[in-house]
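In the two assemblies presented below, chain A is common to both, partnered first by chain B and then by chain C.
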Partner chain A sequence: MDKGSKIDEIIEERANGDRIITRARYPHVFREGLDRSVVEEISEIKGEPEWMRRFRLKALEIFNSKPMPNWGPPLDIDFNRIRYYVLPDEVKARRWEDLPEEIRETYEKLGIPEIERKYLSGSVAQLDSEGVYANIKRQLEEKGVIFLDSDSALKKYPDLFKEYFFRIVPVMDSKFSALNGAVWSGGSFIYVPENVRVDLPLMTYFRMNMMQEGQFEHTIIIAEKGSYVSYIEGCTAPIYNVTSLHSAVVEVYVKENAHVKFTTVQNWSRDILNLSTERARVERMGRMEWVSGSLGSRVTMLYPSSYLVGEGATASHLSISLASDHTWKDNGSKVIHFAPNTSSKIISKSISLKGGTTVFRGLVRIPKGSFNSVSHVQCDALILDESSRNFTFPHNEVYEESATVTHEASAGRIGEEQLFYIMSRGLTEDEARSMIVLGFLDDVMKEIPLEFSLELNRLIKLKISELGGTG
Partner chain B sequence: MISEDDIERFSRSRYEPEWLLNLRKLNLRKFQMFREKKISDSPIERSYTKVDETFIEEAMENGTGGSFREEGEYFVIDYTSGGEMDVKSSSLKYTVLRSMQNALVDFKEDIIKSMEDPRDEWSALSNALWSTGVFLKVPSDRSCERVIKFRVIYPSKPLIKKDVFIIGSNSHMQFVEYSQVKDGFRGLEETYLDIGKNSTLKHLTMVDGNNSHIISIKNSSLGNDSNDEWYYALKNLKNGIVVTNSVLRGENSSIIHRGALIGKAYEHYDVGTNIYHTGKGTRSDSNVRAALKDFSRSVIRGRIHISSESRESNAYFSGNSLLLSENAKSNALPFLEIEGDGAQARHSATITNLDYDQLFYAQTRGLDERESRNIIVEGFLDPVVRQILIYEGTRYLIFND
Partner chain C sequence: MSLRLELVDVHAEIEGKEILKGVSLTVEQGRFHALMGPNGSGKTTLSRVIMGDRRYKITKGSILLDGEDITNLPAHERARKGLFLTFQNPVELPGVKLFTLIRSSYLVHHPDDKRSFQEFITYVQSKARLLGMDTSLLSRGVNEGFSGGERKKSEILQMSLIKPRIAIIDEIDSGLDVDALEAVAKSLKDTIYTEPKMGVLLITHYQRILKYLAPDTVHVMMDGRIIKSGDYSLALKIEERGYEWIREAR
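Take a look at the complex of A and B:
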C-alpha cells in the first residue's frame, strides 16, 4: 500500500477542514516497525502540539534504552514487526447511524444490541486506534463531566490534559509505559467536577481489528473532590494467528472523598500480548475500586496499583483471571500505603485449565509512618487439569508497627466430594463443574456489572464444557 | 570470585580424592549458574537481603579445624581448635558419627548423594568449598535410641562447613543442636539430611548468634512414608539467612517445620522455607514466627512447589510476624508454585502488632507490663518454645528478655 500518498491526502483534507471519507478500509496502514519518523508521523497526523511531539520522541528514547523485563512470562516480541498506528476510515462519528455498517455489526455480535446502547450513559467506542464513536449524554455535559477520547481531550482541553498526562505513571516507569508514551493513541479521558456523582457507569468498548496491530491507548480519569464515577472498559478481539501487542496506560486520580470504580472485562484473542500499566493515586478519604475479569490473550502482564497518598484512603482490587490453552496470565495488584489509616483489600481468583498458567504477583507495602494501616490479601486458585499451573508470588512489606497485614492463599482442584454431591442431585458433570467454578468466582463476580457478568458466566461455562469429562 | 583453579589448589592441599574434587568443581559451576539464572519469580526477590560475601575467600584460607569431645550428655563439636574429630561412644551403638573427612572413604556413596544436586546457590557454594563438618549415619533397622545432643561452637574466623546426616530405612532418630557462636563469626553451613523409607527424624536447632553473620542451609530428602519434624529457634544473629529445602520425593512422606525467632537491635533475619512435593500423597506443614524488637527486620519466605506428578498432596505454609517496636520491619513472601491439579496448597501470612487488649488482660491478672509482654510473646512463639521446654527444660528464647 502506498502509505506516503495516503498520509499526504489525509493531512491535506484535514487542513481543508473536511471530514475524511475514503473508500479504503484502512487508509492508514503504517509500515511495521518503530523509529523516530514513525513517532513524528503519528504526531503530525494527529495534529498535536509541539510539546506532545517532543514528549513522544523523549519517550521513544527511554523505550529504546530500557531493557526487557528479566522476570515474568516468556515474552518474544519483535518490535519491528508491529504496526504502531492505525486509523479507521471514519474518524469521528457523531451519531450511531453515522457508524459504518461493519462496525455496528461487530458490536451486535459482541452482544450489545442497539437498544441496549440507549441505556449506556455515553460511550466512546474505540475501533482500532482511534475513538470512533463519542456520544455524551446531555445531562453529563450539563454537570460539567468531560468524557472524551484522549485525542480529542488533548485538543479541547490541552492544559487539563497536560496536567495529568503521565503523572502517576512516569514515562520511565517501565519499557512498556515508555512505549505507550511514544505511540499512544486513543483511550478515554474523564473529568468529573467537584461533588458530581455520575450515576450511570461510563462505558467504552475496545476492539482490535487488524492483524499485528498495536493498540496503545492512554486513559486518564480525574475525579475531583467528593465526586463519584464508575468506568467500564470491555475489550474483545477477533482471533488472528500472528502476535499483536496491546500496551495501555491507565491513570486514575482520586481526589479527596472521591470514589472511582474502574471495571475491565477483557477477552483478548489468543494471539495478543497484553502488557499494560494501570495506576491510581488516591487522596484523603478517597476510594478506588479495581474490578477486572480477564479471560483471553496469549500473555497478560497486568498489575493494577493503588498509591494511597491521603489519610483514610482505601483501595480494593478484585480480579478474576482465567488461563486456558497454554496462555499465561500474569496478574497481580500493588498497593502502597503512603498515609496513615489507609486500608486495602486484594482478592484474586484464578483458574487454569488446558495447559494455562496463572500467576499472582502482589505487593503490599506499608512504609514507616502509615499508622494503623490495614491490608488484606487473598488469592485463590483453581487448577482444573494436570497440565495447568498456578504460581503465587505475593510480597508483603511492613515497616510500621501499628499496621496489620494479613495474607491467605490457596491453590487446588475441584474436590471429588463436591462434584459427587452436586451430581447426586441430578446434574451432569459439566454442569456440576461449572457450578463449582462459578461459586468459586462468586465473591468477585457480584462486583462486576450485570451485563458483563452474564457474558463472563457464559464464557466460563463454555471453557469448562470444552474440557469435557476428562478434566 | 573463586575459580576452578582455586578449588583445585584447595582440594589438593587437603589430599582429597579425585571424585570429590570433581564434585566440588561441578558445584562451583552450579553456583555460578544459580547466580546468573534469569529471575523468573519476582523482580525484587533478591533485593531484601544483602550478603557480605568477603567471608568466602577467607574461609578457604582458614582450612580445616574442629575437635570432638563429650561433656556430660552433650557431644561438643568445637571448631575453634583443631584435633580429633572421631568419636567412639558406647552409647551410640550402631550409629556412626565421624568428621566429614574421615567419612570420605567408607561412606563415599552417601557423600556423593549429598553433593550431587544442590537446590540453591548457597548449597552449591558450600558443596564446593566445605572444609569441615560432621557425618552421622543411622543404619537401616537400627534406630538411635538416645537423643543426641550437640553443642556446636563456632570460631570467630570465617568457616564453611557441611554436615551430612543419613538415616537408613525403618529407623528413628532424634537430635538437638545447640549452636554457640563466637563474636563476629561469619560463615556458611549446610546440613544435608537423607531420611530413608519408613523412618522418622525429629530434631531441634537453637542458634544463639552472638552478632554473627550466618547462612544456614538445611537440605532434606525424604523417602517413602518417612517423616521429618524440625523445630528451630534463632536469636542474636546480626544477619541470619536460614534456608530450608525439603524434597518430599517419597510417597506419603511428610514434614512438619516450626521456626521461631526473636529479633532485636539492627538484626536482620531472612528465613526461607522451600518445600518441593514430588511424591504422591505427601504432606507438609510449616510455620515461621518472628517477634521483632527495636530496629530488627525479618524476611519470611515460603515456597511450596508441587510438581505435576505429585497427586493427593497437601501443603500448608504460614508465616507470622509480631512487631514489638515502632521501628521493627517485616516482609512476607509466601510463594506457591503448583503444577497440575493433583494437590491442595494453602498459605497465609500475617504481620501484626501487639494486641493491647491482651496486654491489658494480662496486667489485670497481676503481671507487670514487662511480664505481660513476655507471656504474650512466649505464647506467640509457643510451637517452638514448647519443644525447647521438652528437650532442654529452659525458656531459651525468652529467659533473658
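Take a look at the complex of A and C:
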C-alpha cells in the first residue's frame, strides 16, 4: 500500500463534445483487491470505533460466502482489480472557498455551484470516497437537522448512527450489501427531528474520479414523526475504459406522518457498474417517494423498496431509465404492504436505443390481513430501434381478498405515421423522434429536478442524432 | 414568385399494390383545385405521395416543385419548401403538447418572427378562437382524445399559422357540424386568399365546402387516375348524380 504518495491524475471528460480537464491528488491509493487487511486499514485510517471495525470484518466474511446473483444482466466483475478506498488529502471543508482550487474547478465544471444557488439549503458534495465539501445552513442546524457525510456522522453521533446503520437493509441482504458493509465510505447522513419541515431539497453530488475504483457510500435518512425532507443525489463519473463499481446502500426511515422524497439521478460513464440497494421503512400514515433517473452506467441494477409497516402508509416509486449503446438498465421496485390501508404506486418509464436493454422488475406483496391495501403498477417502455430491447417482469403476490392491485404495461415503438406527421410540419426525422420520446416522458417530467430533465432532454437529442436515419 | 407543383404521370404502390396509376396534375400558387372521387380511389394516397410518405414507392413518374425534382425528398424538406398537408385522420402523439408542435414547426417556417414567447401564445390563442376551438386543446397531447371535429380544427390552425405556399387539404369537411364547417371554411378562405395567395388541392366528397370557397377547377379521381376535370358545376353534378355516369361516359 503506497500511503502518502501523491499522484496527479489528469482526467478527461467528454460531455457533449466538450473536454474538461481536472486534476486531483490522491495520497491514499490502496492497492487493488479486497482482504481483511484492506478492510482493517480502511477502518484504521478513518479512526473508527471498534464495533465498526468488527462489523466490517463480519460483512467481509458474508461477502465472501455469498454467490453472485444468478439472474439479471451479465456481470463481469473482478473484485481483485478494484481499489476499495481512495482518500483525497484535502480535509473536509466547511466553506466553498476553503476547498482546494482543483476540486473547486471540478465542481464548477459539474455545475455544482449553480445547483447550490438554486437549492440554497446546503449540500454535501462527495469527491471520490470522502465528503470534502460540507456546508450546512444555519437554519437547518437551528432546527436540529443533521446533514453530514456518513463518516462524520459516525464520529459525531455514534449512537444515533449505530441505531440505524444496516437495519432496514440487513448486511446479509445480498452480496453487494455485504460488500458495502465491509468497505463503505462516505454517503449522507440526514436526521430530521419531529415536526420539522426542510422545505428546500438537500443535495449531494457524487463523482468517481479514479480508474478501477469502487465507490461504496452508505446513506441514512431518518425522518422523525411529522417531518418532511427531500434529498437529491446526483452521480457522474468521467469516461475510462475500465470497469468501475458503484455499490451504495441507502436506508430511509419514515416515521409516523413523516414524508421523505428521495431522488437519485445518475449519469455514470459507460464503464461503471451501478449495483445499489435502497430501502425505506414507512410507519403509520408516513409517505415515501422514490424518484430515480438513470442515464449512464454500463449496467445498473436498482430496485428501491418500500416496506409499509404502519397503517395508512404510502409509497410511490418512479423510475426513468435510458439504455443506449449496449448498456443494460435493470430497474424495478419492490413494495411490501405489511399493514392495512396502505397504498403504493409504481411507475416505470424506460427508453432503449442503440442496442440498449431495459428491464423492469416489479414486486408487490400484500400479505393476508393488510385489509384494503391498494397498489397500482404502470410500466411503459419505448424501444427506438431494432437492436434494442425491453423486458418486463411484474410479480404480484396478493394474499388479502380486500386488497386491489392493478397493472398496466405498454411496450411500443415509434410509429412511422407519427414520424411522417411531424415531418410534414417541417421538422427533421431526429427532431420528430426526440419530440415523441419527450412526449412519452411528459407525464413524469414534472416529478424530476429541472437540471435532470434538461440533461435528459439533451441526452435524448444527442443519442437520437447518433442513431441516424435508421429505426 | 409563385410556387408550382407538378405531378407527371405518377405511379405509386404500397405493399406491392399499385394505387396511383398515372396521375398528372399541376397546382400553382394562387389556384384552387378540388379533388373528388369515390372511396378508395386513391385521393389520400395522392396527398401522401405529394408530401413524401416514404411508405409509398413511386414506381414511375415524378413530382416537381418549380421544376425541381422532389420525388425523393424527405417530407420535412418538402414542408420547408412550402408544401403542407392536412391529414384526413391525423395521428395521436401521446404527451406531445399541441402547443409544442405548433411552436417548433412555426419556428422552422418563420425563424425571424419577432414575437416574444408570450405574444406568440396570445397570437395562437386568438387564431384558435377564430376557429371556435377550445384553447385548452393547446396544452393537450396532439390529437390525444380529440374529437373528430377538434382534430380538423387543429389541422387548420396549424396550417393557418405556418401559412404554406401550397396546401393539400384532405377531407377537412367530413365530421364537422354545420357551425364548425362554417368556421373552418371561413378560416380557410382567409388563409388561402390573403396575399400571398396559396395554392390548394382540396379533397372532398361534398360540394358544401366548395360553395364557400369557389374552386377554379374540380378533378375527379377514379381507380388511381384523374379521369375528368371541369369547373365548379362538375361538383354539383356529382352531388346530384354520383360517379357512375362519368365512368359510363368514358
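By our rule, the second predicted complex is superposed on the first by the 438 of 471 C-alpha atoms of A that agree within 3 Å, B and C clash if a C-alpha of one lies under 4 Å from a C-alpha of the other, contacts with A are read in each partner's own complex, and residues count from 1 in each chain.
Here is the rule we use: a residue touches a chain if its C-beta (ideal position, glycine included) is under 8 Å from a C-beta of that chain, and two chains touch if they have at least 3 such contacts.
Just so it is clear, the structure is predicted and the values come from calculations on it, not from any experiment.
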{"item": "Clash or fit (per the criteria above) of chain B with chain C on chain A", "value": "fit"}
{"item": "Which of chain B and chain C A:80 touches, first, second, both or neither", "value": "neither"}
{"item": "First, second, both or neither for A:429, with chain B first and chain C second", "value": "second"}
{"item": "Touching partner for A:404 - first (chain B), second (chain C), both, neither", "value": "first"}
{"item": "Chain B versus chain C as contact partner of A:139, first or second or both or neither", "value": "neither"}
{"item": "Touching partner for A:70 - first (chain B), second (chain C), both, neither", "value": "first"}
{"item": "First (chain B), second (chain C), both or neither touched by A:393", "value": "first"}
{"item": "Touched partner set for A:195, first chain B, second chain C, both or neither", "value": "neither"}
{"item": "Overlay on shared chain A, then closest C-alpha pair between chain B and chain C (Å)", "value": "13"}
{"item": "Shared chain A surface residues [contacts with chain B and with chain C]", "value": "none"}
{"item": "Parts of chain A lying in touch with chain B, wherever the complex brings them together", "value": "69-72, 361, 368, 381, 383-414"}
{"item": "List of chain B residues in touch with chain A within their complex", "value": "38-45, 308, 321, 323-353"}
{"item": "Residue numbers on chain C that touch chain A, as the complex places them", "value": "48, 51-55, 74-76, 78-80, 84-85, 87, 90-91, 93-97, 100-101, 104-105, 108-109, 141, 158, 162"}
{"item": "Touching residues on chain A, where the partner in the complex is chain C", "value": "415-418, 420-429, 431-432, 435-436, 438-443"}
